[in-house]
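I have a structure here, written as structure tokens, and I will follow up with some questions on it.
Chain nomenclature is as follows: A, B, C, D and E, assigned in order of appearance, with residue numbering initiated at 1 for each chain independently.
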Amino acid sequence: MTDAADAPVEPVASADRHRPLIGVVIVGAFAAVLAIGLCALPRERAELPAIAREAMTIALPQWGTTEPVNEIVYGSRGFDTFGETFLLLAAVVSVMTLGRQRETRNEYVGEASAGLAEQQRDDPHSRTDSEEGEARQAEEREQDDSSTTDQESREPEAAPDDADDDPLGQPAPERAAGMTVIVRVAARTAAVPLSVAAIYLAAWGYSPGGGFPAGAALAGVILLLYTALGHRAVGKVVRPTVLEPLELFGAAAIIAVGVIGLLRRGSLFANWVRLAEPETIRSGGTLQLFSAGELIEVGTGLTIAIFALLGTEHDWTPDESGGDQSSDGSDRSDGSDGSDASQPSGGHRQGGGS
Amino acid sequence: MIEDIDIAVCIAEIAIIGVLLVRLVRGPSVTDRIVALNVMSTQAAIATMFFAAFADRPIYLDPAIWLSSFSYLGALVWARLLERGLL
Amino acid sequence: MTSFWVLDYICLAAVVAAAVVVVLMRNLNGAVMALSATGTVLTVLFVVLGAPDVAHSEVVVGAIALPVLYLIAIGKIRTDVTDHGELGESEEADD
Amino acid sequence: MSGHAAELAAVIVLAGLGVAVSFTGALGILRMPDVYTRIQCSSKIITMGALPLLIALVVAQGPMTTYGSRALIVAGLLVIVNPAASHALARAAYKTGVPMWRGAVADEPRQRRNTPTEEGKPESQEER
Amino acid sequence: MIVANYLVAGAVLCLGLFTVLTQRNLIKIVLGLSLMESSTYLLLVSLAYRHGSTAPVLLSPPKGEGQTALAHGNVADPVLQNFCLTAIVIGVAITAVFLTVVVRLAQHYRSIDADDIRDLRG
């Protein structure tokens, strides 16, 4: 344990041996031009542009909000935000399209290990699993030179719910779905105020915040729960049949807000709600509706993107040994000790990958 | 006087972030770097709060909540990656 | 007002230092963490420059979304090339 | 006036303590020899560095203001989340075999694994 | 004074560009693009700053000013901050797409070296 060679191998970028000279020349020329341009920009003593002053002055009387940035984002320049939101939607769609598998799938992550128990129950003589279990056990026995008496009861059962009973001395790849009890309790405790703060960020539209940071923070809270509790805790929410309709609902809500403004007030994203008292939740008219739509859109979109990227099983064609795509490969066989997961870099390329 | 203390604490915290960057660069393992990053974000949160007190705008306080909590979430994600392969 | 500019410049120095670390570090995990550090310092700088909305978005993106995306990508790729020894990394392991 | 002066003195003392402890903790993170001791230094920064600074903010601005409530929220979040993150990081570092410092005198899980108990099987129930 | 912010934004942009031009690792290239995005945010927010200005938010103005006074007072430029928000959202979206493409490329070619990916080379 005191040997430095025991340290885990971290992924490292390959050394660059060529092109730094050309890079320096090109970047230097670009930097010179850029510096001249940047020095000609207006400094801090310049007058505020008329459009900015206009936005500051109309925010309170016309939109009833004390937050001119939100007024610009969701009101005056609402069409811009509309385009940005749908660019995010397009990005999410492309991530999902790139990350999808050939077979039909129901969840983003963890279906292989979640189905392990069911498979054991239905088909107790499933050969691949027992063989694999034996092989894994033998490998563990080889690596662990301590006595191996009561290890056979551990392997064939499904992954445990949490890591509390996992002995600390074991090397890295761990089978439990959740982390230890300290992490789980802290995550459960912290998730509540963080969700409340995320909702506050979007609902209190008259203070800084808005739909995008709130949605991203909600996605972060979901990720926190997944990290600490495992895929079974968030499996009810993080699945395509729930998230994708929600995302489309958010997009439809944004379009509806804009089109109703066009129909009733004559311009896209005009305010068609009666203004409420400033510094209340309902102040700001359609700004709050747009913000809520963006909250749903961004929260579900980022969650879908992260979990779709996470659930991307490797698509390279199987080696001659085969069978590395059948089991829970993406969950824990790609262990972090680096020895069993290292690919030959730039080696034999095989066709038909995607 | 209070304003001077506020901005001084703010500057000191950013200087501590600079010290921690060295550990982030040198840390031989992932864990060293992530510890340095956590402490950096905590210092950034406190700097933000003291700058809010300096500028007398309470609306600057809210980013501190996210700064102080989300970096630790990143630490949990990293620990999960180290413990069980790919998340 | 001078103290304000001192704060501004020290934040800028931290941003530049973290960006240089992102460029020079060959360890990918370390580079991603340096990018996250850039986002953290930029958050403080945005608050200092009077943009709390942008600071909200930047902290959420820089502390969670980007590192997690990069982390997942690095974990998926896993081309393990043992190449320590830049920026004084290897000498640290046993002192 | 004296109340104001006392408040100012308390703020100065608390802020000085917090900044000093934060700085020494950062130096500890820089100078400590291995991961586990560095994690311990980070915990010190939270408990003795960040919390006095937040208390100083509360004292300076008053507890019933926006500042006080946000400072309490941040303090609570730090106290909840930081030990969990430290625990998870230390555990992950140990499981991936990050080496300890050469001068470390105790490695309890390893010792317990290498010295079997009287049933002849390794003791396997310890945690953290 | 604020010109230092502009120059730092330019320097970070050049660092990102240098990474994109000289590195061969695909992840490092995406990291360079993220750095360039960050420099854009810094430039936009610095452009929005005015001397001694405060945030363009009328809620709880600093002492001595009312809400309407602040609306005509010394504030940062809210329109440029809006641009910056848009840039952040688009930045995270394209980073997600880039990383997915990189993962798929690495899985297909079994390498993340940009020089090994030569199927589209003329």
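To be clear about the criterion, a residue touches a chain if its C-beta (ideal position, glycine included) is under 8 Å from a C-beta of that chain, and two chains touch if they have at least 3 such contacts.
Predicted, not measured: the structure shown is a model, and the values here were computed from it.
Peer 1: Could you compare the number of C-beta pairs in contact for A-E with that for B-C and name the larger?
Peer 2: Between B-C and A-E, contacts are more numerous in A-E.
Peer 1: Please flag the chain sitting at the greatest distance from subunit D, going by CA centroids.
Peer 2: The chain lying farthest from subunit D is E.
Peer 1: So, what's the distance in Å between the C-alpha centres of subunit D and subunit B?
Peer 2: Each chain's C-alpha centroid was found; their separation is 13 Å.
Peer 1: What is the distance in Å between the mean C-alpha positions of subunit C and subunit D?
Peer 2: Measuring from centre to centre gives 22 Å for this pair.
Peer 1: By residue number and range, which residues of subunit A touch two or more other chains?
Peer 2: Counting only residues that touch two or more other chains, subunit A contributes 4, 7-8, 10, 13-14, 67, 69, 73, 172, 174, 179, 183, 187, 190, 194, 197, 201, 207-210, 212-213, 216-217, 220, 223, 228, 302, 305, 309-310, 312, 314, 334, 336, 341, 343, 345.
Peer 1: Would you give the residues of subunit D that are in contact with at least 2 other chains, written as numbers and ranges?
Peer 2: Residues 66, 73, 77, 81, 84, 88, 91-92, 95-96, 98-99, 102 of subunit D touch two or more partner chains.
Peer 1: What are the residues of subunit E that contact at least two other chains?
Peer 2: 1, 11, 18, 25, 27-28, 49, 54-57, 59-60, 75, 81, 85, 88-89, 92, 96, 99-100, 103, 107, 110-112
Peer 1: Residues of subunit C touching subunit E in their complex?
Peer 2: Per the stated touch rule, the residues are 1, 5, 8-9, 12, 15-16, 19-20, 22-23, 28, 31-32, 35, 38-39, 42, 45-46, 49-54, 57-58, 61, 65-66, 69-70, 72-74, 76-77, 79.
Peer 1: With touch defined as at the start, can you tell me which subunit B residues reach subunit C in the complex?
Peer 2: 4, 7-8, 10-11, 14-15, 17-18, 21, 24-28, 30, 33-34, 36-37, 40-41, 44, 47-48, 51-52, 57, 59-60, 62-63, 66-67, 70-71, 73-74, 77-78, 81, 85-87
Peer 1: In the complex of these two chains, what residues of subunit A are touching subunit B?
Peer 2: The touching residues are 7-8, 10, 109, 163, 172-176, 179, 183, 187, 190, 194, 197, 201, 207-209, 213, 217, 220, 223-224, 227-228, 310, 330-336, 341.
Peer 1: Looking at the complex, which residues from subunit C come into contact with subunit A?
Peer 2: Residue list for subunit C touching subunit A: 26-31, 52-53, 55-57, 59-61, 64-65, 68-69, 72-84, 90, 93-94.
Peer 1: Across the complex, what residues on subunit C touch subunit B?
Peer 2: Residue list for subunit C touching subunit B: 3-4, 6-7, 10-11, 13-14, 17-18, 21, 25, 29-30, 33-34, 36-37, 40-41, 43-44, 47-48, 52, 55-56, 59-60, 63-64, 67-68, 71-72, 75-76, 84, 87-90, 92-93.
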